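By letter and in written order, the chains are A, B, C, D and E; residue numbering begins at 1 in each of them.
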Amino acid sequence: MNLVPPDVNYYSMLPFITVLLTAVFATILPFYVSRKAIAGLSAVGLLVALAASIGLWNTNLSSFYGAYRADNFALGFGIVLIVGALIAVISSVDVAKRGGTMQAEFFAILLYAVSGTMLLASAHDLIVLLIGFEVMSLGVYVLSSFKETSNSEEAGLKYFLLGSFASAILIFGIALVFGATGKFGLEAINTAVLSPEFKNSSIAAVGALFILIGFSFKVAMAPFHQWTPDVYTGAPTVVTQFMSVAVKAAAFAGFLHIFGLALQNVSGWQTPLQFLIALTLMIGNLSALRQSNLKRMLAYSSVAHAGYVGLAVLASPSQGFSSALYYLGIYTLMNAGAFAVLNVLSKDEDGLEIESLAGLGSSKPLLAATLTFFLLSLAGIPPLGGFIGKYLIFSAAASSGYYGLVILAALTSAVSLAYYLRPIGLMYFRPRVTVLPDFSGRSTRVLLLVCAAGVLILGLVPNAVYGLLELVKK
Amino acid sequence: MVVFVILAVLAIAGALGTITFKSGIYSALSLVGTLLTLAMMYVTLHAQFLASVQVMVYAGAIMVLFLFVIMLLNESQMSGADPLPWVQPVAIAGGIVMAAALAFTAFQFKAPKNLETATAALQGGTPGVIGETLFTKFLLPFEAVSILLLIAVVGAVSLVHRQPAHNEALETTSEHATDDAYADEVSSSNPAKVVA
Amino acid sequence: MDFLNHNLFALMPVLPLLGWLVLIVWGKNMKEPTPGIIASSLVFLSFVLAIVGFVQVSPMKEPLLNTLRWDFLPMWVLEKGQLVSKPLQFGFALDHLSSIMTLIITGIGFLIHVFAIGYMQHDKGFSRFFAYLNFFIGMMLILVLADSYPVLFIGWEGVGVASYLLIGFWYTDRKNSDAARKAFIVNRIGDAFLMLGMFLLFMTFQTLNIHEINSSFGSVVIPNVTTISTGIAYGSPPLELAALFLLLGAAGKSAQLPLSTWLPDAMAGPTPVSALIHAATMVTAGVYLVARSHGIFANAPGASSWVMWIGALTAVYGALSAIAQTDIKKILAYSTVSQLGYMFIAVGSGAYWVGIFHVATHAFFKALLFLSSGSVIHALDGEQDVRQMGGLREKLPTTHIVSLIGTLAIAGIIPLAGFFSKDAILSSAFTSPFGGEFSGYLIWAIGLIVAFLTAGYMWRWYTLVFLGTYRGHAHPHESSSVMTIPLWILAGLSVVGGFIGLPHFLGKNVNWLEHFLEEAAPNAIGFREIPIWGEAILIALALAAAIGGILFSRWIIARDGAKSAGWIATPFGNASRKALFLDQTYDVAVSAPAKFVSEQLELADTHGLDRGIGAIANGTVEAGASLSVWQSGFVRAYAVAVLLGTAILVGYLALRSFA
Amino acid sequence: MVETQYYIALAAILFSIGAVGFLTRRSAIQMFLCVELMLNAANLALVAFSRAWGDLIAQSAVFIILTLAAAEVAIGLGIIVAIFKKRPTTNVDVLSSLKG
Amino acid sequence: MIHLIIFIPLLFALIALFFRGQARASVSIFAALSSFALTAVVWMFKIDTVYRTPWIPGAGVFYSVTFDGPSLLLALVATLMTSMTLIYFSFRKDSHQAEGMYPLALAMLTGLLGIFAARDLILFYVFFEATLVPSLFMLGLYGRKNRVRALTKMALYTIFGGLLMLVSIIGTKYYTNSPSFDFLELFGRTNQLDLETQTWLFLGFLAAFAVKLPLFPLHNWLPDFHAENHPSGVADVMGTLYKVGGYGLFRFALPLFPAAAQNLQWVFMFLAAFTALYGAWIAFSSKDFKRLLAYAGLSHMGLVALGMFSLNPIGMAGALFLLAFQGVYSSALFLIVGMLEERLNKDSHNEKTTSQALEIGHVRGLAASAPAFAGVTLLLWFASIGVPGLAGFVGEFSIFLGAYQANPWATALAVSTVIASAAFALTAYQRTWLEEATTSIPELNAKDWFVLAPILAVTVFFGVFSGSALKLLEPSVQAVAGLLGGK
């Protein structure tokens, strides 16, 4: 037997392994230490992983014959994911009294899920990617149904059932792609597609389509988005926060990898994706208009944002990758920030009525100001980060010729202003009617300020980060 | 070909049974039938190891778990009218379209290699050759899948641990929180399971 | 020294404007006559400058241009396919025509300023009044001195503003404010056309400099031959249209039909204002404009005959309206309208000097008449109804005599000023090259009728005010000398003013004015020659019409009595008193609809359009709401979306590969 | 030997049947059974392709997917048990309060 | 230098947040005045270097700023009027209740200066939209009863148009294969585009500028914006200065897409002329001073658009001139309304008395008690309706003159505005200031004069000695007109 020696480079996997080890510790240690300490441990672990990711920048290491890569794209996504997870961890601390997230396994499962997301972002092999995808999904299914309330259970069950349905579609798609190309490795697939012997283009097209649907489900693109509002509303707020940023970002990382690398030369998925994006933009934005619950409104808003990032998937990889990463980075800060504010203001996990924000501007200036910041950025008002992100995406899509979609995106994001501005108007321009609870402690406040600063800095000096991302270009 | 047709008919029959039987137990047993048929099919496809795994893990362990849960929940027949009567025809129509389209695509498949030589390369799909692949080319997925199992275990346990809806009681207990974070939540749960 | 030579005349408008600034800022703190004295002396200084300018410019052929000028309006012209920036300069020019005008403006302006010191005494707004008057003089001087249309337009609208301020001088009375507003708005209609005229001129000539435009026609213009350097043919559409635009602009300022209704209302202002602005100077600006643009009009026969016809119709209209008025100033106001019509006949006929001639003589006698009526009103403590007057001959002897002179002058009795100018107008209409012979004769006939009517209503005015017995209740007293001295001067001018433009049959070179203006405003080409005896007959007929008018008027008054109730009660009298219902027509046909549309638009804009856009917004929101029906909460329904989405997309791909 | 196409077509049919079942069954467990059916259809396709390409890697992938299915079942049944043990039925339609 | 000018206001806006009361006012006024002073220095020493540094090089976005003639003129007006407005506001009795106005106004000023200075399309867009935020906050925080409605309207209109412009901006770069969004780089490439592409891109720009101008039928946000804003008029002044649609047309849309502009010229000339007339006509029936001024502003903007679309150097120069100086006298009229409101309104928190104080003709004959106040108002109104000798005329006349050369019929329609505007202005003036006095108000005091005197001086001075301002405009206008075929 000719055993091929395994090619393992532990350095390349350092961030991933750090998170995984932290997760294992977070699983075991609760027997011995307090939950607060676990939270601290998780935060430290994530920070170490963050440092490791930054340290690995530009090294371009890879492992397992290229199945796992720590290139800048993966590292960039890793950073975004770690930041998203960190925000969730910190947010969870102040609402511990409200319960729901301070069960000790919370951190463990969260960290496992993070490791799954990182695997998803780094994998260059369909099966590894699938495993990352599933680790992430399973973790989030559990987290969604973490509370023994009817809403949380409903969220968990819906997510799980529909999620496994979508996974099955995804796996079938992977099978078909393998059938067409005989490969699982992303670059290998592309090579196979380009090779003259390639004959199964229609099988590849259907496989690509199934993979597209599986990922569209996970990133919440219409018409596969319907779980999103319900799950986002029903899940504990911190979990929703994590889902809306890290899970979405990781799913997009895989999405971009598969379609930007492996299947970029397969035809047939582009038109359906355009259709999905158009539908997503309209449905996400229009549905958000009439929501009375802030949490649900943000859920629909997150559907809409999936549409924007979807444009980057559609665009040519050279611009799509970096713009999507930049967008998701900002999106992580602003959306997680908005959820963090929502989190400390709600009396339970069901979110809060937008009307009850009235007068918040004077009663809780910091929370109101930061929420305003995040909402404006989500709406894409310059000079905040959200605008730059949106601009980069539009630009990428336009330069690949998807002009109609860009116009649609612009129009719908004008519509989105209506629902983003409403809370702001209520907070500042209306007298207070409801007394909202305020769970915010020092950690949340610092977190909010850091997020707000990040959103502003990414808007004002985008090149500080985007310049680095230039290297992501393939 | 005859074998294939028989097996295919059986598999489809089982699948149809799975989706038509009202009772969960019959439904699950039909699926077991399909799974066993597929295992036989794997043998015809030179995947001996998979065939055995299919029988042991899938038809055996997993489906037994299903049956166990079905019985645990002691599910009665669905009561009351279907609130979504339109779903069934729509689903069937959609399913037929999908099946037709997929089957149509399937027949466009052009074999990349000569089937005989290709089959020979499989070496029968014995555990040995599969193991070799898993520990060399497929090491990463093989390792990574362990995380999947880990999270499955931790997740399943934590689902049992979930917090009650009204957490006033919890808040009072959490004031007496000891270092042992698991202990003060649900005292009945067995920590040993977690480590496993 | 050269600088002074060139720029001294430009000080003319500056001095009164300075007076305005001083009085508006510090006037409130001054004692009563001081503001009047400051204002009058500044105008007098301008008058002196006008004389200096007159002396300077008399021997010159070319206009005197001031050298102190600066960029005012952006302008680009195409030269050899290249855009070249040639900003329009803010500059003045003094030529014979404007020199005559400055003399009239500053001279009469000065007299009226002096008169107003007496007339406006004890008025709360004494200093404000003089500030406005000075402002007016300044603007009027800018108007006549301008060397380009836009600068002219500054003065043009500036005098409009002054007129607005002065008509509404006693603004607490709503009637006065309304009259002022009306005057301004109607003037603006004319201004709008004047602007259009300028734009068309720029399009045609690539400049808005008046002298450049006039000189571009060359010295000799032969009808029906393209002789103009810019290639604009005699009577070509752009010229005709531009001239028509200018005509409508002039009609606004000079209260010609159809924009005449504001002038009678403008009598709401203090009487010196009526004399200065609404008789002697501002309203003649239209005439000046036509004379100033002689090059255009002389080459636009169609537009010129329009000018004549509008003048003729206005003359009749004014005269008919004046017949039955009862307000001492309204009679004079309609008379002014009518006389302005005369001037338009003159400039329309192509004899521009005649128009200016009548501007001058009219300025003398109409200012005199207005000031006299001011003196009467002053004496009667504000009474203006002629039916409450009568027999003032003894009580106001000075006023009476000067009024009689004015009446005879306007009626055209030889040898007073009006006789000569009116005669010149009639004969120029008779011989005009524009509009054909028949049209010329017809206009001449109309002019004759108007002369008859003018003599008639003026005699009625004179009789009702001064003859008979006093019918009112006040205690009349003669005005102070500060008011009477200007009256005497004006009376003197009304007597001798006509001698600057003696008719041709008295000799070839007796007509000083025509000769003086032959560079600045040469006659149009092609006047029909008529024999000397013909001219004499025309003059005799005009004189006969005047005398006939007076006699007829005497007869009517003798028949109906001083209050002339008899015929005034007839429909004709009523129509005359209501000024032929022109005001009412405008109210119904223009003002009311415009207002109605405005209100409806306002409603539509604030509610209708709003609602329309609101409907779009609501539709969007409703679309969002309808999506929530789809979001039914049933997990199987969501799965349907997933399955159907997949099936459709896969079906699409399959069909695509099939096809 | 039976051509690969037939296996793929069978997988497609099984997959579709599973998908239809997922929609028509109202019991959470039965829905999940249908997902298992779909996964098996995918596995069948992979095994067939494995033979077509003569590459064992696909069989290894099937092995991984089997494990994955097991993990999914663990979590899924965990959720179902946790949620439905206090309810009289596993009918998913009762959980439809989150909507709009 | 130029960066200082642009960012001083924003910097001081942040500093001002740490102060209260008089100190905050002083800091803010100092910031605005120093920005003005620096701008004046730029003007005097003719500093027009282009500062260009990469901002997002990967996406071809540059931080590229300069103050050339038109920018400088508008910047001078913006800084001057902001200074005067803030000074005026600090004198108001109720200023301590709305202290947020200071930093918000300063933030807007930074945005405005950025708009004028930006030479990179994306940078321009950033400033263009960012300025909206403080504007919305002014309205939302200190506006009147229906402010949220007005705010939503304004925001939606603006963003709607703005995003279409963004799409066009991106499209411009994409279709021209330009390496950056720098105007100089795009320009010259765009005229190689075919007409259809040019037209679509042009329309995208136009969507934003037509909202901002505004042009009928996208003007609906404007009356509500003004009517619902704080009665002091600070926000209205800033809003007036924020009408940069005409500038955007001149700076970007026209030179980039000359063929499209020429092709669509007649449509937009008629639309602009109609807007001008429409605004003036409606203003005649307005019952509220703020709405009246809003419609008057609409009318002005119709004229600005007319001048721009004339594609004629005279018309464009006039449009820029009008745009700059209407920022002076229209703004001043808002201040006048504010001063009047302060004198008439006993309780600024009471919606009813505030409405009455702003109602045209609710009180009459004010000129009797405050003649100088009346005189100043009248002068500003005359400037606003384009009476020659005042700053409004130069712009208006040049616009008409230029526009007539391009399209006499549309111009004739627009010229009728001078009649309508005289009608509404004088009617409104008469209803309040003239006629029988029903009440008396205090005359202008020294503080009021301090604010109004410079404004009046500018209005009169540039009405006669317009040359210095025209010098600033000339080269740019000539360059743009040259591109457009120089008709």
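Here is the rule we go by: a contact is a pair of C-beta atoms (placed from the backbone, for glycine too) under 8 Å apart; a residue touches a chain by one contact, two chains touch by 3 or more.
Just so it is clear, the model here is predicted, and its values are computed rather than measured.
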Quiz item: What is the shortest path, in steps, from chain C to chain D when you may only step between chains that touch?
Solution: 1
Practice problem: Please find the two chains that have the most C-beta pairs touching each other. | Solution: B-D
Practice problem: Point out which chain occupies the most central position, where each centre is the mean of Cα atoms. | Solution: E
Exercise. Average the CA atoms of each chain to get its centre, and name the chain whose centre is farthest from that of chain A.
Key: C
Quiz prompt | chain C-chain E separation of Cα centroids, rounded to whole Å | solution = 36
Exercise. Could you grab the centroid distance between chain B and chain D? Build each centroid from C-alpha atoms only and quote it in angstrom.
Key: 6
Quiz item: Approximately how many whole Å separate the CA-defined centres of chain B and chain C?
Solution: 99
Self-check item: Distance from the mean Cα position of chain D to that of chain A, given in whole angstrom
Solution: 26
Self-check item: For chain D, residues that touch 2 or more chains besides their own
Solution: 4, 8, 11, 15, 18-20, 22-23, 26, 31-32, 43, 48, 52-53, 55, 57, 61, 64, 68, 71-72, 75, 78-80, 82, 92-93, 95-100
Quiz item: What positions in chain B touch 2 or more of the other chains?
Solution: 83-84, 87, 90-91, 94-95, 98, 101-102, 105-106, 108-109, 112, 137-138, 141, 145, 148, 151-152, 155, 159, 162
Quiz prompt | Residues of chain E engaged with two or more neighbouring chains | solution = 156
Quiz item: Got a list of which chains touch which?
Solution: A-B, A-C, A-D, A-E, B-C, B-D, C-D, C-E
Quiz item: chain A touches which residues of chain D in the complex?
Solution: 4, 8, 11, 15, 18-19, 22, 28, 31-32, 35, 38-39, 41-43, 45-46, 48-49, 52-53, 55, 57-58, 61, 64-65, 68, 71-72, 75-76, 78-80, 82-83, 92, 95-100
Exercise. Flag every residue of chain A that touches chain E in the complex, lowest number first.
Key: 322, 376, 379-383, 387-388, 391-392, 394-395, 398-399, 403, 406-407, 410-411, 413-414, 417-418, 421, 424-425, 428-430, 461-463, 466-467, 469-470
Self-check item: Interface residues, chain A side, partner chain D - complex
Solution: 127, 130-131, 134, 138, 141-142, 145, 150-151, 153-158, 160-161, 164-165, 167-169, 171-172, 174-176, 178-179, 182, 184, 229-230, 233-234, 291, 296
Quiz item: Which residues of chain C touch chain D in the complex?
Solution: 628, 631-636, 639-640, 643, 646
Practice problem: Enumerate the contact residues on chain C facing chain A in the complex. | Solution: 617, 620-621, 623-625, 627-628, 630-631, 633, 635, 637-639, 641-642, 644-646, 649-650, 652-654, 656-657
